[in-house]
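You will see subunit A twice below: alongside subunit B first, and alongside subunit C after that.
This part shows the complex of A and B:
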């Protein structure tokens, strides 16, 4: 199983890569010991969005399906968590609310994906349909301000958003601050490792083959629709995980976290990072979120404009993504250096042998 | 015994009838060549058999089972394997991974790795196994796709112009490869223009012209048929 951690579908392999991975993980684990609680909370907030980015990377980069629907599933699970947590009464039941809300998002992805994929929708039309679904949900939730819009005691509240749900709780312990941060780190490691193993497995081979040439993949005996649906459900489920965690983190959710500007953000993160690689998406999305948040403190408009400029620059200068491009340069440089060193060592050995004779 | 039976199949695209009331039988264990001038409907008939087009009328049977309504992947699972006219490989994936995708449904672990090496050696692609498939020459891509089709160990191998873009040496080698697989019991249906290649491999030949069956029979009989020569020279426009 562990050999699936490395393969042709993922950048980074060998002792040096995994040493760097462990060093970054160790740094992340000791970070709360040195940072103040406000910064730790902010970092936990950045990390919440990583799942949505990784899900889009799987769908778009590996599966070839550009989905504008990440915030659709983010919203379903986010509102789902709120409704379930309020109706189930908080406490440890919030863990069940988290799991159930992600399952609901995955079921929604299964239904929407089934009709799109079995209906033969692909390419740009896939993006249009998912964007339409996202906008419909955002507009629908925006008009739920009246008191008649409630599910049990949970009121949807229109543009003001839903609030009043408990954060994730185990017994009487609220998972907030550093505890939430550590939960995020653990979940990201699990999801990242699981996705690496998925894309390097035989299923991943078919997912990538389907992206490259769906007709050829079908001619090898694969029902490519099933693989596309699986990819869509997993990727959308990860967006759902982001949504549920977001609601539990802030104890509120509004339709603006689903609408058009929010729906465009994951596309920018993944395009800038490099959609064809999980590690590039993980690193690049975190950097962009960190930068976006830092600039937002001074001017939200400036941050949005910067995102637009970055998307344009990516499309025009580095269509495969900036972070992935830099990663490949480093790998190429390292490979060349190793080959040169090995060549020098061989030449030295040859010289020594000729000296001995 | 018939492995493939095409019964009264027609295919219309709007006002154009590309294939008209075609009956074709491919017997188990034979190399059957489908020939005809450009626009005869060979590739359309081929796509009807593999399931890329649904027929307007008629039925297609494989191993006595009606497969007319089945999707291509289901036909492949029954024992068909296809090489398309234009090289249709996964261009952004390494050569080795192309073969892996074709093999992994049938084999796993050490068996899969051994078969992978055997096929790469057979196709003269062992040295280029790390290259992206899109970086191979046209002829090499044709070979790779033939290798992917063979990796499925099909009952019926369908080849649409397998030697297009190949040198005479590569063409000859491809013919010998097909004959060796046929000797092991594989049935082969080939759509081909190159008559030298057809002479090398064909046991039975069907000639299509203007979407209809024009002639059929043994290779010798077809080669001696003056009408067949005429349609290749463009002297006859209808049967």
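This part shows the complex of A and C:
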């Protein structure tokens, strides 16, 4: 199993990479001891979105399916968590609400994915069909302001957003603040490791083979549609996890988390980071979220303009992504230097030998 | 009885006009270059703002609308020159680049213009048939949609440009080898596409509130029409709009706008399962 942590589909291997990984993890674990609780809450907020980015990275970078519907499943699970938590009455039931809402998002992904993938939709159309679904969901939720729009005691509330659900709770202990932060860290480590294993496993190889050439993969005897559907359901389920965690973090969700421009955000993170690698996506998305949040304090529009500029700049200058590009440069520079060192060492021995003769 | 029939036709015409006007520009760009212009909604918004700005300056509405369409067309050609041109070989990247552009434009407009602009109000005028009153402007929109279809038919089927454009659409490399300047054809087609988007915004400007995010109102309809239309936009778009307008009209009448939109989306998702190539594939097969 552990062998699958490294492989042809993921960058970063060997002792140096995993030492860095552990160092960052250790830093993240002791961070709440030094920071005040407001910053820890903010950090937890950035981490919420990472799942969505990793999901898109899997679908787009590995599976070659450019889904614009991450916020669609984010919204389904986000609202789903709210409805379930309110209806089931809070407490430990919120954990069940979290799990169920992610399952609901995955079922939705299974249905939408079935029609698109079995219909043979790919490329551009995959993007615009998923985006259409996303926008329609946002419009629909936007006009549910009236009191007739409710599921049990849970009011949808239109653009004002849904509120009043409990945060994640175990017994009488609310998972908030640094407890929530540690939960996020744990989930991210699990998801990241699991995705690395998935893409390096034989299933992952088929997923990548399908991206490279669907006909060829089919000729080799794989039912590529099943693998595509699996990728789509996992990727969208991760968006759902983000959504459910988001609602429980703020006890609030509005349709603006689903529609434009929110739907563009995961695309910007993953494109900028480098869609072909999970680690690049993890690092890049976190950096972008951090930057975005810092600027949003002054002006949300300016932050969104910057996101647009970054997306445009990425496709024009570094279509494979900036973080991935920089990462590769560093690795190249490093290995070239090492090779040069070895080269001079060899040359030295050569000279020594020739001197002796 | 005839009043009821006319009422049904009127509702159909209303939805049909909306679908055709919002999708025509997107469809032309997609059909010619295989590029989905994600900034389509922003060109619609541009057309609407230019129209309202000119009307507030005292320009008569129809002239303002034509000028708005031209403005959107010219801006479109500049955008093609600076950005879209680089991505004809990478259609997915063109999607991302134009989406980036769309974000930049919408949010900059929010920053600069703010959210509120004084509207101009729908041109008055209505007529009555039987016990029902109908707005004349809605019929003008239907007329404009039909005019757009006829105009596109003439441009692409009856002119020299149209012949070269269709040749480019079918096989760009071969057309180029035969001496067609495909770069210029692409540039003009993109211009026509964005001008049509501008026209859509210009025509609907009097009927809606002007906000920088108004483009989003049109994109779902334009996307689904293009998806159902299929690759051959000259054949597919109009039947797709007729088909979707029927579904939409039936649902709108009994359940309201939002259910109409959701129903339309479900219909689209069901149809792509059966006809992933869109309606035009069926029509092409019939034609052979």
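Throughout what follows, the second predicted complex is superposed on the first by the 340 of 357 C-alpha atoms of A that agree within 3 Å, B and C clash if a C-alpha of one lies under 4 Å from a C-alpha of the other, contacts with A are read in each partner's own complex, and residues count from 1 in each chain.
The rule is short, and it goes like this: a contact is a pair of C-beta atoms (placed from the backbone, for glycine too) under 8 Å apart; a residue touches a chain by one contact, two chains touch by 3 or more.
Source: prediction; values computed, not measured.
Visitor: I'd like to know which partner A:333 touches here: subunit B for first, subunit C for second, both or neither.
Guide: Touch status of A:333: no partner.
Visitor: Of the two partner chains, subunit B (first) and subunit C (second), which one does A:112 touch, if any: first, second, both, or neither?
Guide: second
Visitor: After superposition on the shared chain, which partner residues are touched by A:215: those of subunit B (first), subunit C (second), both, or neither?
Guide: Once the two structures are laid over each other on A, A:215 reaches subunit B alone.
Visitor: Is A:205 in contact with subunit B, with subunit C, with both, or with neither (first, second, both, neither)?
Guide: first
Visitor: Contact-wise, after the overlay, does A:223 reach subunit B, subunit C, both or neither (first, second, both, neither)?
Guide: The answer is first: A:223 touches subunit B but not subunit C.
Visitor: In the overlay, answer first, second, both or neither for which of subunit B and subunit C A:136 touches.
Guide: After superposition on chain A, A:136 lies in contact with subunit C alone.
Visitor: Once the shared chain is lined up, is A:159 touching subunit B (first), subunit C (second), both, or neither of them?
Guide: In the superposed model, A:159 contacts neither subunit B nor subunit C.
Visitor: Using the superposition on chain A described above, determine whether A:18 touches subunit B (first), subunit C (second), both, or neither.
Guide: neither
Visitor: What's your read, subunit B or subunit C touching more residues of subunit A?
Guide: Between subunit B and subunit C, C touches the greater number of residues in subunit A.
Visitor: For A:290, using the defined touch cut-off, is the partner it touches subunit B, subunit C, both, or neither? Pick first, second, both or neither.
Guide: Neither subunit B nor subunit C is touched by A:290.
Visitor: Would you pull the subunit C residues touching subunit A in the complex into a rising list?
Guide: On the subunit C side, the touching residues are 34, 36, 83, 86-87, 90-93, 95-97, 99-108, 110-111, 213, 216, 219-220, 223-224, 226-227, 258, 261-262, 265, 268-270, 272-274, 276.
Visitor: What does subunit A use to touch subunit C in their complex?
Guide: Per the stated touch rule, the residues are 66, 112, 114-116, 118-121, 123-125, 127-129, 131-133, 135-136, 139-140, 143, 259-261, 264, 267-268, 271, 299, 301-302, 304-305, 307-316, 319.
Visitor: Would you mind writing out the residues of subunit B in touch with subunit A in their complex?
Guide: So the residues of subunit B touching subunit A come out as 50, 52, 71-74, 76-77, 81-82, 84, 88-94, 97, 100-102, 104-105, 108, 148, 152.
Visitor: Which residues, counting only subunit A, touch subunit B once they are in their complex?
Guide: Residues of subunit A touching subunit B: 8, 202, 205-206, 208-209, 212-213, 215-224.
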